[in-house]
Amino acid sequence: MAFVPPDLSVNISSLTLKNPIMTASGTFGYGQEYASFVDLDKLGAIIVKGISLEPRSGNPYPRIAETTGGMLNSVGLENIGADRFISEKLPYLVDSGACVIVNLIGNTVEEYCELAQKLDKTSGIKGLELNISCPNVKEGGIFFGIEATSAFQVVGSTRRSTKLPLIVKLSPNVTDITVIARSVQEAGADAISLINTITGMAIDIETRTPKLANITGGLSGPAIKPIALRMVWEVSRVVEIPVIGVGGIMNAEDALEFIIAGASAIQVGTANFVNPKATIDILLGIEKYLTDKNINDIKTLIGTLKI
Amino acid sequence: MAFVPPDLSVNISSLTLKNPIMTASGTFGYGQEYASFVDLDKLGAIIVKGISLEPRSGNPYPRIAETTGGMLNSVGLENIGADRFISEKLPYLVDSGACVIVNLIGNTVEEYCELAQKLDKTSGIKGLELNISCPNVKEGGIFFGIEATSAFQVVGSTRRSTKLPLIVKLSPNVTDITVIARSVQEAGADAISLINTITGMAIDIETRTPKLANITGGLSGPAIKPIALRMVWEVSRVVEIPVIGVGGIMNAEDALEFIIAGASAIQVGTANFVNPKATIDILLGIEKYLTDKNINDIKTLIGTLKI
Amino acid sequence: MYQVLSKVLFNNELSPVYYRMSLNCPEIASEAYPGQFLMARVSKQLDPLLRRPFAIHSVKNATAKEIKMDTSSCVEILYKVVGKGTKVMSLMREGDEMDIIGPIGNGYRLDRNIQTAILIGGGIGVASLFYLAETIITKGSKAKKVVFLLGGKTKDDILCIEDFKRIGVEVRVATEDGSLGCKGVVTDLLSDYFGSGDYTPGSSPYCFACGPEDMLKEVSKVIVEKELPCQISLESKMACGVGACMVCGVETKPQLGDLRKGTVLKSAKQKDEMGYKRVCKDGPVFDCNEIIWE
Amino acid sequence: MYQVLSKVLFNNELSPVYYRMSLNCPEIASEAYPGQFLMARVSKQLDPLLRRPFAIHSVKNATAKEIKMDTSSCVEILYKVVGKGTKVMSLMREGDEMDIIGPIGNGYRLDRNIQTAILIGGGIGVASLFYLAETIITKGSKAKKVVFLLGGKTKDDILCIEDFKRIGVEVRVATEDGSLGCKGVVTDLLSDYFGSGDYTPGSSPYCFACGPEDMLKEVSKVIVEKELPCQISLESKMACGVGACMVCGVETKPQLGDLRKGTVLKSAKQKDEMGYKRVCKDGPVFDCNEIIWE
């Protein structure tokens, strides 16, 4: 019998991804930066760095501190703005054959809508990820992400501004993530991705100053994986829309944990810094697991945790 | 000039500790277990495993999973109950010269009060730590710890049941920890300790079952340090009462970060498992830091973060 | 119990997944007895974070030359590479340091009058049984017989049989694929032993078993039927290793000896609660009658 | 740019805190040029988590024997033990593996017609300057002069001066405590050089500097006054090393060349925003005029 490779494709609402592996926004630049290590069209999707209407310079330096099994970043909103993204970065990505999803940041509901409208009209963009969870800037949408009513508002309005598949990225800095998840679903989100970084801090005991100029930053990396996994499990049990797992995924085993917990797809963030080929290694590892276990369609693995 | 060792004593309300190093509840047993490694009377205080009115058998096994830079536990409420603690465990601790603080767990406001009254009458106990933050059992008080009004109630009632210094231990699984902290202060707490563990999860991809029989567990260890430090900083800026820092403290540098951030004392938890002499190593490290920096009273270091 | 920053004296690959490591730690070596274990911190960094438990496989007394080289008494462990901690250990070399705590736990209880000992091992379970065999043979005074029944998946999982033979132990082997010894499992060897002329009912051999949980359960059944005493060494995931954290545990039937002075079992519930024992502190060796197998 | 699991060929302790390590990585060795760097993953575990940046200190071509031993071309790094990552590296031995990415970044730009080069180093800054000196001396065609001005706290921080002399570089040393060379800092050496007969105004030497930020700032001042070109190599904490994460950065004055085709600077704000450059991708070597020192 000929070997039939397992079917790795997954559906995020109307969008079919060739496999469940995406890059997490802000950790993979605009794709091109990692092109020496990864064939961009091999991945399920590339989610680019958060884009705002106007270019932003971000937070002051230093913007990074390493912690045990993790890192704090306070990059903030630094990005080249929607126009330059479209003219300078998107063409390369489209040429590479990548499935491009754009991560959106805004200060106001109106900004999110205007941005969504603009990108809706741009060809080559396959989906939007609404970042209502950046903990590094007051205007980074975090306000929308920690309170169910405002989350509902911003998602609802953006929903009406675009026909593109709309993923909403949630903040883990909340008491009950299922409340926010439900209201975001209610507002018309096509999928939910979680988690963004967890607010943290580090101090230089020699100078007695915060290690980040911004005082606090967002914790990412394997340190947060157990928290992300728990939230993905909690949310996927209460919503009908697909859930995308993010947070500390370093290898195929980690990715499989999220899929078994209920994630339809996963995003790789900090792992790219540790291993620039992490996404591809995860893809190969998942394929091997499915083959070894005689699972011919990854969709049948999603949410199969036995409890 | 003769060398004068720095003054390490700190005040937790009416209680003066000889130094700011405590053991975190549940990680140091009843003290005796670590006596081959640590002279118990060298530490600021020993906080014993959470005690309930009646003995409890805790959660099913497995109760532990290692994660990157951390561990998940779901021990739950396993403890020998107040009576046996007083008759079997307390005498050894008192004999050792340790400053004993008892961590309390209850299902209802009444249970907390009854327990506080019972311990109030027991000599040899120097303080109480109210655990309203155990994430591993529905009745573990977590309900009290994530909602400001109920936190206020349970702390207020317990406050009226004892004259012992009352520390309240907060859960990090909340959107805004300062809200809970303020209400606990309002209710009469003498000090606040934070953080308890963060709810997390791990999955065995071979069996597709949770690694913990309880499904979720509490994440502790260096992985959570940046989050704990941020919360200690946030809380110590808004309350008047002393704050005690807990979460991922592995060495003297970590402990000093918490003190600089605003903690009057710190607790060592998971680090005891990694290095049974961690508390003593931290004590020596802090002493060396103060000596090197010519700081002759640790109290002058508390909350001196420059921002 | 000591915490020792021990030097690795050797770390020999016995086969691609099995290693024998010798650790210089005179304090621990001098107090250890069979069935006890060490908790090893395999990295100076914080990943892997927790210590790993390993049975004491052998304790070596120093030769004169060794003492001169400051490598006096040492403890040996035998380990299988199964995950990231043991992988890190497998890369250690002579001269590297490893932080260990030991000796830990309640090991095998030995009767001075022991006549016949049956040691039953599965896979890496041989680790603690070798030190036990050495001790029974060298420490007791009377002539005695030690039989070692060892099972494994294939011949690659059958370790140390020459070492056991060298000290005078009779070794019988079974492998599931028949690649060494009889084809079968260790309980087959045990049934054979009881069925054969080697065993006189009433001769009261002492049994000791160490291996995977399933094997211990099966072994217990066979031995309990014969009404023989059997001590078994259990495994459990651990954090502290010293009885403080309550994460390691096994469900046991309350034994009379457990009832502490003055404790009255008021209710069925309370009786239940006394049923969990800590593998690290109350064990790792238990009487097989104590355990409640699920 | 390549990711290579390279073998450590040697890891020599030069002094208790300085080490020189040679890494087998033909792909990187063949493409590297001076001022570029590597990102090294110092552990196979996840603590330390992030890669550490190290300048390429030298690139060695393989001897016939080496190629036979499959240890063809290699890259050398020179590093100082300052924290946990470099501590882990210091314990590596021949035969160990380290995962590296490289060559990374915009290094020193070299003019073929270079006549005189002044290399200015502080402490571990010599790391990248040695490869630069080697390249200027061996690659250029005409006779040229390379002067190396090196400063450090004490004589223990003065590294590699024999290596520089061996390849024909003139070396001048200053230490803050006077334990080697003149007592003073490297800018004193620089002022001396400009004040001495060695320097003819108008002779246009090329300056290259690498060292602590404070030193680079002072050096820049002196050189900018002389209206000479100077390239400086900066340090910054990094995560990705490939220009993707935006955590490394330095504030620069917008240069005309930066304005991408079709981009119009609409507002002062937008001009400002173009002022941050990534040390990893746009640098680590910058023109000293570009940098805005705070």
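Some observations on this one:
Going by the order they are written in, the chains are A, B, C and D; count residues from 1 in each one.
One rule holds for everything that comes next: a residue touches a chain if its C-beta (ideal position, glycine included) is under 8 Å from a C-beta of that chain, and two chains touch if they have at least 3 such contacts.
This one's a predicted model, so the numbers in the text were calculated from it and none came from an experiment.
Counted as hops between touching chains, the shortest connection from chain B to chain D is 1. Taking A-C and B-C together, the chain pair joined by more C-beta contacts is B-C.
Comparing the centres of all chains, each the average of its CA atoms, the largest separation from chain A belongs to C. Annotation: 55 Å between the Cα-based centres of chain C and chain D. Separation between the centroids of chain A and chain C, computed from CA atoms only, is 47 Å. Inter-chain spacing, taken between the CA centroids of chain B and chain C, is 35 Å. Residues of chain D in contact with at least two other chains: 46-48. Multi-chain contact residues of chain A (touching two or more other chains) are listed as 68-70, 221-222, 250.
In terms of which chains touch, the assembly is arranged so that all chains touch all other chains.
Against chain D, the residues of chain A that register as touching in their complex are 26-29, 33-34, 36-37, 49, 54-58, 61-66, 68-71, 73, 75, 78, 84, 87-88, 221-222, 250, 270, 272-277.
If you check the complex, the residues on chain B that touch chain A are 67-70, 72, 146, 173-175, 198-203, 205, 207-210, 215-216, 219, 221-227, 229-230, 233, 248, 250, 253, 256-257, 260-261, 289, 304-307. Partner chain C is touched in their complex by these residues of chain A: 68-69.
Chain D contributes residues 43, 45-48, 84, 88, 93 to its touches with chain C in the complex.
Those residues of chain C lying in contact with chain A across their complex are 46-47.
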